[in-house]
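Dropping the structures in below, format is structure tokens.
Here chain A shows up in two complexes: once beside chain B, once beside chain C.
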Partner chain A sequence: MNPMLTLIRKDLQLTWRDRSNWLSALSFACISLLIYSFAFDLVATDLKPLLPGVLWTTFLFVGVFASSQSFQREWDSDVLDALMLAPISPTAIYLGKALTNVISLLAIELVLLLLSTMLFDTAFLTAELILVVVIGTIGYISLTTLLSTLGTRARARSMLFPVLALPLLIPLLIAGVRASSAAMDEPIGSAPWILLLTVFAIWSTASGLLLFPLAVKR
Partner chain B sequence: MVESTVAIETNGLTKRYSGIEVISAATFSLPKGSKTALIGPNGSGKTTLLGMLSSLITPSAGEATLAGHSLTANSQSFRREIGVLAHRPMIYEELSPFENLQFFARLYEIDEQDSRIEDLLRAVGLWQRRQAPAQILSRGYHQRLALARALLHRPQILLLDEPETGLDPEGIRLLDELVLRAPDITVLAATHLIERASSWSDGVLRLERGRIVEATAKPSKTDAPPKIEAPA
Partner chain C sequence: MSATSPDIPEARPSRLQALFTFLLRAVLPVYQRRWVLLPALTGVMMMAMLVGAVLAAPREVVEGDVQRLMYLHVPSATIGTYFSFLITAVASAIFLMSRDIRWDAVARAAATVGVLFTIFTLATGAIWGKPIWGVYWSWDARLTSTLVLLLIYTAYLLARSVAGPNDEQAARYTAIFALVGFLDIPLIHFSVDWWRTLHPQRIIFNTRPAVPNEMLFVLLVAFLAITFLMLWLIALRSDSEQLAQRTDRMRMYLDQRGNN
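Moving on, here comes the complex of A and B:
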């Protein structure tokens, strides 16, 4: 089996066994959407322009909640050293972890899109919107997986992670909201937001691949 | 072409952190199959030296060759020849002993994985507990599992950092049998148990404040006597 697939398989196995993090994140996100739906019930205006913002705010916090712990298990038991000693490249370790996080976050986002469809009576499960969410998730996770490594090394992860991650994620969030609006047939002008989202995803993935070996180097 | 008899050779290996030399120009060579005790007080640089030799820590200067592979190249073939057993076991506590070894066997692309894993788990006395999550096993069993992980890919060279940590007398006997008295493996082991080291080691490297201050060789148990060279 390819070493990267071995890593993904192991990470998914461990994520499933110790699913409390992701389940907490999912519960938090579902409750947030429920609260939004009740709050918007009181507003008489058209809700549709607000919904992309609701969606991406929820995605943001779910992702921070869950992916900030990415390498915690490896640091706590020094297994990262064992991985670095194995005949695999550090980029394979990074990609394995990032892909596991992408799969896990996409699973949660799918549930959230389904729930949003029911709560807001709007079609969220469209091909265009799913494409935007997938590209945004790849960009988001590529960056947060890398930053979770830096934060853990500094032993101040819980404070450092959001401080580092949130400003860097602003372009992605703006592009994600705008591209989602476009996918929901809202008028957003002619700016190619999906292109910006794609460029961000490529940039953050390339940064992760290049910087991860340096981040774990001693 | 004559095969080299040297397993580990270092030349001026140095590590600095923020300008402070933790290891200063370590130069020595260890023959194949030799068993060498690395001794010295706390903070003398034993773990850093082993970290550099295992490629986990990047040297600031100098070079080393292990099993014919350059340390600076840090190739995948280099890492296949090195096994590391530290005082922390470096295992996934959520996985069982069998799953831990299976995971690393896949990473190392070992042939006949299941039989190799079974052999090792039986050898370290964990076969009966192979399906239990490692987190419910004792510290001593963790170290036994770490020993099995270090030996899994049949490395030529083993770097041990206080390998006796957490082991009971039976565990120490297994360590001696599987590693310290195994004829084909070259061992460099950091230890504070100097009296015990004299029972298994061919030679001694003594570190003080990052410098090799003593390098002695005892008569070898092998045909080719081990040789330790330190800078003058």
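Moving on, here comes the complex of A and C:
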């Protein structure tokens, strides 16, 4: 069997069995969505222009929160060195981890879209919007998975990780919000936001593939 | 006692090696004298720039004296910021390939100086913006991308400073971050450019009533002055970082000897 698929299966299996992790990410996502509703009173006024921003900030915070822990299990049990010694290319390890993250994040985002469809009475589960969300998720997860190799200094990492990741993700946030607005028929001008989103996804995946082997080399 | 063994033929330098030696001979004396050349050149050019900007350059008709900030602002924004961050990226790439920790010191030094110039650029821009635009800050494309650059490289310096000067793991990680951050600049630029734009366009090439020659000359002097200042600051900073690395290594060595 392809080693990358084995890694993905292993990671997904472990994620599924240890529910505390993704359940806390999911509850964090739902709670931040509700916090936005309380903070901006999202039922009173014309809320449609605000919703893409609300969704994408929630996605980014959950994504950064969840993927900063990508290699936590490997570090806790000192498996990363063994994994590097195994006859698997580091690229496969990276791709496996990134795909696992993308799959679990997409599941969470799907729940969020469903929840906001009910909460805000707006159609979120359209093909175009889901396409935007998938491209954007691939874009930011490939970057945060690369950055999550920060090392074992857990205290410094949990504080620093958002500070490192979020400025790099600003182009993605802008493009994602604008592309989602376009998908929801909001007037936002004519810039090719989906193109920028796709370029960002390709760029971050490429830099992840190229730089991850250097990041974990001993 | 023969000086050379007969078995080993004398190495004949290839053309590329000869060229390299020639270049090294040309550059090395300049590099070795950097502690004389850089402060001298920086001092002279900074003096010339100040005299030029305050006295020699004509007063701008519409904007008045506050326009004189341009001679500091434009070179700081271009050379001081982007060129420093380019040096950070190049030094990080060399560090990743060669694993020589001294290149990490160069990268950190250039990032520090770049952050300094970014703050200076934003500050002079704000001082200029209040009388001209009526606000200190606006979410214009160039201002926003400069601010994002500041955030990225402050995060870089933070991440690097939580680890010791010789921590190779941390150095490798932050080098990767510096490369990703530098390659992110075009994406940031496009995204915020499409997001909104208000900044005055470049004046050197595309204004109809041409900029007077005196102004252009002072601006050229300012560019040179800021370039030398940046190089001098980076040289100072990277030498002090390398000294910190050596001190750290010595301390580790002494600790080991003390324990035995």
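Definition applied: the second predicted complex is superposed on the first by the 203 of 218 C-alpha atoms of A that agree within 3 Å, B and C clash if a C-alpha of one lies under 4 Å from a C-alpha of the other, contacts with A are read in each partner's own complex, and residues count from 1 in each chain.
Heads up, the rule we're going with is that contacts are C-beta pairs under 8 Å (C-beta built on N, C-alpha and C of every residue); 3 or more make two chains touch, one makes a residue touch a chain.
Here the structure is a predicted model, which means the values were calculated and not measured.
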Fit or clash - chain C, chain B, common chain A: fit
Partner, of chain C and chain B, that touches more residues belonging to chain A: C
Contacts of A:86 with chain B and chain C, given as first, second, both or neither: first
Contacts of A:174 with chain B and chain C, given as first, second, both or neither: second
Partner chain(s) touched by A:149 [first = chain B, second = chain C, both, neither]: second
Inter-chain angle, chain B to chain C through the CA centre of chain A, in degrees rounded to a multiple of 10: 80
Shortest CA-CA distance between chain B and chain C [superposed frame, angstrom]: 5
Residues on chain A lying within both footprints (that of chain B and that of chain C): 217
Contact set on chain A toward chain B in their complex: 1, 3, 6-7, 10, 13-14, 17-18, 73, 77-79, 81-89, 217-218
Interface residues, chain A side, partner chain C - complex: 143, 146-147, 149-151, 153, 156, 160, 163-164, 166-168, 170-171, 174-175, 178, 189, 191, 193, 196, 199-200, 203, 207, 211, 214-215, 217
Contact footprint of chain A on chain B as seen in their complex: 51, 54-58, 76-77, 79-80, 82, 84, 86, 88-95, 99, 103-104, 106-109, 149
Residue ranges of chain C touching chain A (in the complex, touch as defined): 96, 148, 151-152, 155-156, 158-159, 162-163, 169-170, 172-173, 176-177, 179-181, 183-184, 187-188, 190-192, 194-195
